Amino acid sequence: MKKRELIEMYRMMLLIRRFEERCAQMYGMQKIGGFCHLYIGQEAVGVGAIAAIRPDDYFISAYRDHGHILAKGTDPKPVMAELFGKATGVSKGKGGSMHLFDLERRYMGGHGIVAGQIPLATGFGFAIKYRKQDQVVVCSFGEGAVHQGAFHESLNLAKLWKLPVIYLIENNRYGMGTPLERASAVWNLSQKACSYDMEEEVVDGMDVLAVCDVVKKAAARAREKGEPTLIEARTYRFRGHSMSDPVHSHYRTKEEVEEQKQNDPIARFLDKLFKDKVLTEAAAKKIENEVKKQVIEAVEFAENSPEPPLESLHEDIYA
Amino acid sequence: MATKVTMPKLSDTMEEGTLVRWLKKEGETVDAAEVIAEAESDKATMELEAFDAGVLKKILVPEGGKVPVGGLLALIGEEDEDIGALLKEIEAEQAAAPAEPAEGKEQAAAEPVPEKEAAAAVKQPAAAAAAEPEKEPAEDTAAPGELLTTGGVRIKASPLARKMARERGLNLRRIAGTGSGGRIIRRDIEKAGPAGVRAAAAPAGAGGASEIPLSSMRESIASRMTLSKSTVPHFYLTVEVDMDRAVEARKSLNEAQSGIKISFNDLIIKAAALALRDHERVNGSFGEKGLMLHSDIDVGVAVALEDGLITPVLRRADTLSLGQIAQQVGELAGRARERKLAPEEYSNATFTISNLGMFGIEEFSAIINPPQSAILAVGGVAQKPVVREGELGIGYRMKMTLSCDHRIVDGAVGALFLADVQKKLENPMLMML
Amino acid sequence: MAEITFREALNQAMAEEMERDPDVFLMGEEVGYYQGAYKVSQGLMERFGVERVIDTPIAELGFAGVGIGAAMVGLRPIVEMMTFNFSILALDQIVNNAAKLRYMSGGLINMPIVFRGPGGAAHQLAAQHSQCLDPWFCNVPGLYVMAPSVPKDAKGLLKTAIRDDNPVIFIESEVAYGYKGEVPDGELLIPIGVGEVKREGTDVTIVAWSKMIHVVLDAANNLAEQGISAEVVDPRTLRPLDEQILITSVEKTNRCVIVEEGWPYAGVGAEIAHRITTNAFDALDAPIARVTGLDVPMPYAANLEHAVIPNAERVIQAAKQVLYI
């Protein structure tokens, strides 16, 4: 990978981290309402996967979507504005944290029902094949979604019809407060691919380059052979399931969280970039300041934007 | 400038949090993103992080303290910063608006009430509309929003029938309904009168008659009195009351106090109400359900109006003092003349008193208001030549006639009651017992 | 003009639209090789190929979602539900995605999808295969709901639905597939939200849709013999509803009977009754009567089923009731 690309990945991960930290503060100050699911700790998965695909490839995910839309290249300003419920938001204030969209950049949302997006992703794959095009689809979802019927129905259809879809499990080990071993008969989730005779991969979700590699392979497989892949990325969230949920309680200890924080994907990557002389301390500091500025500008933009007008209540229900 | 640490919103439903534990002491250094305290929301216990680095200058809420979302918890500033002024400012702010959270809650609590009030308010117009029958509607049919009644019974008509009746100037009260439940429907209107015919109030030529449209009150009186006279077996009992002591009592009462003036009618109401206690059948009714005795004594007092009459009711009249009777009668009669009585104020009396004495009437027989069992008609108080112990003298006399429904009140029963009333009027001090 | 069956009308509509626009495709269980469970898609696979007429496994949630995803990126799917009973499995995708994605995305996402299939009872299919779910879909903002009763309406409305950029729930009836009717030649497009008076009359308005229209027309003939002139109004689209045609009729006749196959509680007829009461109150000479399917799960036995589904006798009775006869 080129230096420039590596630095871009680092910058993006840091942007997501700082953006999400600011969201936590904004939520506490009641600027953001409703549900707010932070991506802190999982940055390597989203950034690695999106770096591995083309801009015209599709990406769809669930409600922990702030990191994904930023990684796809959307400006943080309208994203923060959407979280603030302003008219300048990516969904005009009508969607909120769980329903962020940027169709131009092929980020297809932002979905609230667990596993609800998986059949949709399969549909994108269907359309690509129908039109004889060569894009691929990356469908991200949590390990909790794997137990929904929608997951199984989709994987069967994707393999049966040879659809170019990459099913990416972001396994952060915990639902809201239920650990995987209490929800799943099987620990190695990638195993489920064999039910559908599908290719499977397991990857360290805290290693952005490893994720990027695996998704690149899967994308090639999809593009060239029309074959879907199931990827299990093992990652960890450093915050609660959402802003309403505790970081640690009955389901995991504080010590475990602290230990996992030693494996911070951003710190790890930065270390590697320093070691490989891709980045200097000064350059890293510069990036830190630029990212900080971007986030502050995003908040200002959101703060100064107007609320959606009441008339918009009845707009966009029908074409 | 020191930064304020506030209670964050830790869940989408949280309104107040408890500061469970401080993990840092005043004076300790704090790093950005370092956990400085634990707070409890309605869902879980969460860690509070400082957003900026500095020194924890002041803790404003002790462990266990409850703070609303957005409320102040602590101040973080530079090591050598003086926060005295800021603290004073905070104290002043808190003194000025301590009740905000409570108010918020009260407002929230207050919200459901307006709904109930609104619901009650919705009922009011209907009730008020029901009161309106005493008013004359512009047309013979109820205006929108009014309940149409006749003799206290609601008239049912389909929306189409109402519209047609209005257009044709027909009076729904005079039309029989053949729809379900006696509803007046289109064919009933068509039968009643073809389109284009209006009830005319045309004055005739010389010597002719003019038709006056009936007000709803007139209609009501007409139908109720006809019903009473034709179906209730009336008989009448008359006594002449020696009013000397009553005249004296009234005079001294009105001289001794400058409050409300007691009238003869007030004395009669009191006497009758007390007497009804011992003669329950006279306080009864004969209706669809048969013979009913009422536990409360609710006396209706007839009040003449410009074009009719109405009987406001004194509830539990036997428990009212003379002063209370006088005050209530005055107030009710006043409002009656202004057409401002609510239906429950002129309905469901158990006994009625009608006094035409002020018109110079000596005696008369009144028609019972069904389903009551009796009505007392009172004439004027006048000086008459009387015989006392064989000598001719002058005395105050008044005649009362009790009309009775023979189905429930027999001659003796009525007579005993009437005698009781007479006795109380002739010995007013008895009413003090 | 030609006289064709309801199923032929649907077949023609789909074929014409698939011919006209290469983005239109059909997907569902047994629609391809089997020629359609009710033969509605007969011949389409042979004509347009396996890539455009797609047999799915039994996975309603899955393939409804696939259709919705395909619509999101610009294709125009027709998703066949073998019967709408099975659509309950796909409700999450239909309600949470198809109906709402345009709104949640602030207008970014287009949703040109049609979910079509038979709804309501056939003959003795029992409780799980006889449901009339019209009101479930009518309740959701973001969906259009159509329920044609005759071949001409089936063809004209399905073509319009396929060309429309909104998600349409298109409810047919197994029992009606064989009905014949006149269908005009040439391009036939019936607009959404426009009803039709199927029979003019003066004494009572009877509102019905889908296969109930045929029950009602029977009843109307019978009423005519008794000297009662019934006006039969078919809204054709249930959401959005053609209020004006209903109001105009009730203002003429002063009384209304609504006939629907589904259950009474919160049925579509309840909404129609509310609209008429609100907008034509002074024209009403009697309360609006409803004849609905009985409030029971559909029983198997033939005599019991006959009692549940509205029939001409019940419609006649209701008409007489509002006429106070």
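For clarity, chains are labelled A, B and C in written order, and residue numbers in each chain start from 1.
Note that a contact is a pair of C-beta atoms (placed from the backbone, for glycine too) under 8 Å apart; a residue touches a chain by one contact, two chains touch by 3 or more.
All values derive from a computational prediction rather than experimental measurement.
> State the pair with the higher C-beta contact count; candidates are A-B and B-C.
A-B
> Centre to centre, using CA atoms, which chain is the farthest one from chain B?
For chain B, the chain whose C-alpha mean is farthest off is A.
> Round to the nearest whole Å and give the separation of the Cα centres of chain A and chain C.
Their C-alpha centroids are separated by 41 Å.
> Indicate the whole-number Å distance between the mean C-alpha point of chain A and the mean C-alpha point of chain B.
Roughly 65 Å separates the two chain centres.
> Per the centroid of Cα atoms for each chain, what is the distance between chain B and chain C, given in Å?
One centre to the other, that is 53 Å.
> Enumerate the contact residues on chain A facing chain B in the complex.
21, 24-25, 27-30, 33-35, 240, 243-247, 249
> Give every residue of chain B touching chain A within the complex, in rising order.
6, 8-14, 33, 41, 43-47, 49, 51, 69-70
> Going by the contact rule at the top, pick out the chain A residues touching chain C in the complex.
Residues in contact with chain C: 58, 89-95, 99, 101, 103, 108-113, 116, 118-128, 130-131, 149-150, 153-154, 156-157, 160-161, 315-319.
> Quick check: in the complex, which residue numbers of chain C touch chain A?
Against chain A, the touching part of chain C is residues 25, 51, 54, 56-57, 59, 61-75, 92-93, 96-97, 101-111, 141-142, 144, 164-166.
> Any idea which chain B residues touch chain C in the complex?
It is residues 158-163, 178-180, 185-187 of chain B that touch chain C.
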